[in-house]
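Below, chain A partners chain B and then partners chain C, in two separate complexes.
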Partner chain A sequence: MTRLSIALTGAFQGDFIQVISMASAEQSKSRLPTGKLSKAGVMSFLSAQGILIFFLLGMFVFSFFSEQFLSQSNIMTVIRQASIIGIIAVGVTVVIIGGNLDLSVGSMLSFSTVLVVDLHDKVGPTNAILMMFALTLMIGAVNGILIGFLRLNSLIVTLAMLSAIQGFVLIYSGGQNVDIADQEGTWFAFFGRGYLGGIAVPILLFGLLAILVQVVMSYTGYGRRIFAVGGNPMAAVYSGIRKNWCVFSTYLISAFCVACAALVLGSRVMGSQNNVGQGYELLVLAGIILGGTSLLGGAGSIWKTVVGVLILGFIQNGLLLMGYPYYIQWIVTWVIIILAVWLDLANKRKSLFTTHS
Partner chain B sequence: MFKKTAIAASVIMMSITTAQAEDTYRIGITQNNVGVDSYQTTYESAFEAAAEKAGNVDIVVLDAGGDVARQIGQMQDLIQQRVDAIIIWPTNGQAVIPAIRQAHNAGIPVVVTNSKIAEAGLEFIAAFSGPDNVQQGISSAEMMCDALGGEGQIVQIAGQPGYTTAMERATGFEDRLAEACPGVELLETQPGNWNRERAQRVMEDFLTKYDRIDGVYSGDDNMGVGALNAAKGADRADDIVFIGATNFAVGYDAIERGEYYGSIYQSPVDDAEAALQTALDVLAGEEVPKMNFFETPKITADNVSEFDRPVF
Partner chain C sequence: MTSIKGFFRGRTKIQPIWVFVIALFIFFSFMSEYFLSFGNITNILVQTSTIGLIALGMTLVMINGNIDLSVGAILGLAASLAVGLQEISMTLAILAALGSGILLGAINGLIVWKTGVNAFIVTLGAMLGIRGLIFLYTGEQSFYAMNFAFSDFGTSTIGPFPVLAIIFLICTLIMHLVLTRTGHGRNTFAVGGNPEASIDAGIRLGRHMMINFIIVGFFAALAGVMLASQMGAATPNLGRDYELWVITAVVLGGTKLTGGYGSIVGTLGGVLAIGILRNGMNLMQVPAFYVLVILGAILISVLIIDKKLNAPSTKEVRI
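Right after this comes the complex of A and B.
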């Protein structure tokens, strides 16, 4: 208990809690019904804040079992580890707010990472990064055209892209791992291993991208149009929004975020396997769902996704520090996700159990 | 792949009518999952090169893509085609046994390559050819013992859960360590899934959790280099001894630089050539031992120059 309170007074942890309480304030603002405290109101509050309460409880339990859990270095480590998933999740959140899904991000991450690492030794870091961004955006554009303009189902298109891109990666690399030959003597290491003002570069990139996208989504006409398209596409079209372009652009944003994540991943590992991004699409979705963004589109926030991704990171780190094997992490993670979806749904129908009114 | 099969098949059709038919063996191979890792990819090209060199072999190369059901289907195809011998890199050491028995009953000798199958299937195979993963774990434990002078705290980053290779290496390592080196304590084991990034994350968490780590044993060098990356990031690489298995090019370079203590040299080329040779010996009617292990020597800074840099 004392350990927890000591830790909580630490400067960085204070910031962290502040971020969470900001997010929770936003949640309660949008979800708490007006009027006096009723049973439904309590229920709604509980369901809206359930995951945060669970999270804080988890943090408490973990800190009890592991001395290092709330240490500044561990918190920084977890955020740095979570930043790859987080960067991708920022982009996918925009796609989901626009009413679609992107399951191809895992394969795209493999593709972009293999590409940038492989090109690094062939054309130098600057050109490699530029070419990787260009090609990744092209894949995003293909997704965007198929879903935005041809109006194909995003689940099917991105699922197909998942396999197609994975196949393409294998052809490109011939199945071989790629490595940067001179791991010490290249500034490419900066993106995954560097520090700027005492903060790890992946964390900075994650933070910057999250702030930028959040600002765009909250304060620009473009952001409002994405919300409108995801919320009610018909109404959006009637009010003069060019829906096709909006949907198209969300896939470019998603691809851009994947390219940033590939930069961090490639630089962190200084090499890449063909299947390095396999399963990332699920982790990204998990973080987004944990943050409370509805998969139905039209609602959600980048902040919540950031919190969701961090929750995921802290759960996995905490379980590992407590000495639980890998499998337990998966079970616990997905139990919590199902719990999150349930609470979200319960919140919408103002009841935990009833299914019909 | 299909084209290759078709060409191989048509070559056979033609050769049946010629006088050479008796001299040419037709060997089918179904691989586990070519392309997911460099080892398997290199194995495939080495196998094709070895068959070319042997001269009297036509090969049908199939890849199961990691899918047990597909591999069983491929086994049945090869039986249908009446190849002279089948080499199988099992996707699952238990599930493929019925298909192997089917081949055995059809009079086609089966050579299992690289990964073992379950005990129950051994009576149906002509031979096994591959690395001895238990022995590799034992060798790694001995290197760890030497490196630490018999005293210290270590962690283990194992391969993908459920993989025979991962389990055998871990068992060999743990048993031998306990026996030969009671002063070295294995603090914890977590899987790294043959994935460098995953291993790096696991090691970062280990470094947080344990103030003192003297050594890391990784199920392969790819993960070992991930662990090395994590230790470098935490400025603790100099205090830790890194020992791996399946020497990768990055591991080889790290040994040369003195950052990595040692590994086990395992060549996919040796693996492929040994599998083909075993099959040819079986076909030639020679007495072949059931278990044929090819050499997987220890590699450290002392002898690294005697080995070629791995191609993967």
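Right after this comes the complex of A and C.
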């Protein structure tokens, strides 16, 4: 890797140094000593903006292969389809910034969607939505207590919750799929199919949630505390942050986002399979990783996650428009994840086994 | 107990999971008259051999402090190759299947080694990508084995013992010896326990991790071939969610996610616990949904008990 990256950046370096030295020979000697800065400069530029460059490049390529790709209606369709994964990803990003993981969101999505659809006919839409939010937040609280207060490993706890919640869904629904009886005469459809000011409601919900959480994470004391807990838990505790409560709250946020996604999904389909959320946790993680948020915690941002999720959506849509089968996107995603993370690490690589073996 | 301890020579204590396995065993033999028959016991071993084989490799990877989420997909690809290539030659098909596991394990390991990216991310990507490769290769079709030698192998027995169970037990023994008696095993514990110190001790960290990824890839492929021969077919979705079952089994067996601690004996216990639980509840005619809930609850309780028992001697910072 080291040799390859030197060779790669060497190729850039040659041009860059020439250009710089031709433009201002003295300056390049005094302010830009040797080729080191150009290497670091190129790499840090790529790693900081890498994901956006990928995004724009991908859009550019796809727009050549398919005329419909850059049409307004197509872009809106893609964003609307990506909004469910996006809404969940906003919540999971907060959990990851706090230094943990949440693999149970897929099962939780199945649970909440089945619940809200099933309750719709029994207690009416308003009560169904309220009960669904309450129960989903309760599951989030269970995650939060186990991981925040009992300090168990988040990967395994949410893995266990994944199977347990899926079991609950199957017990609750008796293995049957659920449907809303009167599909026409209910305002419940608004969340998944409605439009507000010409924009689809799922997109609005996704955008609002992303902006809200981004503002909370960047401009409030609460957001700073989550970053502190994820970055250095020990230091956070010593500076008086109540770490357990912070971790607990991130799981409530994640559960809240899942409930919103279930609202959109249930209302769009007006019914639900009992395994509808299966595999969502992995797509959500793929989106977050594509956005460049590190799984180590303490870093990341919501807008990066939004970009990552949109990239996933556009890859899928672009490949479909080009006539490739849907599973090609998984292979492309694999390659892009590795490239994206590699670029991200290229100039802050401190890993033991890359430097010492 | 001391004699058993002596036999396993220090590295492996009696794992708490075995107490649980024995308790389950006694419980189910009282609850169902069919449970304690020779046929059913070997049946459990055959049923668990798929997850069990992968869990052997996963134990090494997790002791190293890594994780491999792509095993289910590798299993699916190997099964498809083993059945799909039989038209050309059966030997070639099986070699290609096992080779694909080794190759994909090596790719995972190489990326983790050369980029320093968290194994969770690398193998998550691989899991999606390899599943894509399976669909690409199979064209979303299921393959059926036309070679009877292949499909008979999965149900054949040596004397009264099923071949698949024997393969699983032999592999378990080999991996136990590798982990406890060889330099590679010692290094695995060292790398997971303290990476800096193991570098200072001259262990080539990246290469070492890569070898363990290759081992788990190979075992996933072997499990895929065995599953395909048992079913006489391969579907593109074969092995879905297996990574979750495997990780559950390994964690139940006491291996730490943080690395540096674990054992094959424990993993065998974890695999058997899951197998007995599924089999026993099946015999008691409990719907499969309940097994998921019970398994999740057990996994979390094991974590809590483990946390309480192994609380660090120096008091942790509270709140």
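By definition in this document, the second predicted complex is superposed on the first by the 311 of 357 C-alpha atoms of A that agree within 3 Å, B and C clash if a C-alpha of one lies under 4 Å from a C-alpha of the other, contacts with A are read in each partner's own complex, and residues count from 1 in each chain.
We take it that a residue touches a chain if its C-beta (ideal position, glycine included) is under 8 Å from a C-beta of that chain, and two chains touch if they have at least 3 such contacts.
Computed from a predicted model, the values in this text were never measured in an experiment.
Undergrad: Regarding the shared-chain residue A:Met234, is it in contact with chain B (first), chain C (second), both, or neither?
TA: Second partner only.
Undergrad: Using the superposition on chain A described above, determine whether A:Leu296 touches chain B (first), chain C (second), both, or neither.
TA: A:Leu296: touches chain C, not chain B.
Undergrad: Quick one: is A:Leu170 in contact with chain B, with chain C, with both, or with neither? Answer first, second, both or neither.
TA: both
Undergrad: Touching A:Gly221 in the superposition: chain B (first), chain C (second), both, neither?
TA: neither
Undergrad: Figure out whether A:Gly198 sits in contact with chain B (first) or chain C (second), or with both, or with neither.
TA: So A:Gly198 meets neither chain B nor chain C here.
Undergrad: Chain A residues in contact: does chain B have more, or chain C?
TA: Tallying touched residues of chain A, the top partner is C.
Undergrad: Contacts for A:Ile338 in the overlay, against chain B (first) and chain C (second): which applies, first, second, both or neither?
TA: The second partner, chain C, only.
Undergrad: Given the touch rule stated above, what does A:Tyr327 touch, chain B (first), chain C (second), both, or neither?
TA: both
Undergrad: Once the complexes are superposed, what residues of chain A are shared between the chain B interface and the chain C interface?
TA: Residues common to the chain A contacts of chain C and of chain B are 170, 175, 325, 327, listed in rising order.
Undergrad: Chain A touches which residues of chain B in the complex?
TA: 34-38, 40-42, 161, 188, 190-191, 195-197, 200-202, 204-205, 208-209, 222, 225-226, 229, 233, 248-250, 311-312
Undergrad: Mind pulling up the chain A residues that touch chain C in the complex?
TA: Of all residues in chain A, those touching chain C are 1, 146, 150-153, 155-157, 159-168, 170-171, 175, 234, 237-238, 242-244, 282, 285-286, 289, 295-296, 325, 327-331, 333-335, 337-338, 341-342, 345, 349-354, 356-357.
Undergrad: Once bound in the complex, which stretches of chain A touch chain B?
TA: 66, 68, 71, 73-74, 77, 81, 170, 174-177, 179, 183, 193, 265, 268-271, 273-276, 317, 320-321, 323, 325-327
Undergrad: State the interface residues of chain C toward chain A in the complex, per the touch definition above.
TA: Per the touch definition, chain C meets chain A at residues 67, 111-118, 120-122, 124-133, 135-136, 140, 195-196, 199, 204-207, 209, 244, 247-248, 251, 257-258, 287-297, 299-300, 303-304, 307, 317, 319.
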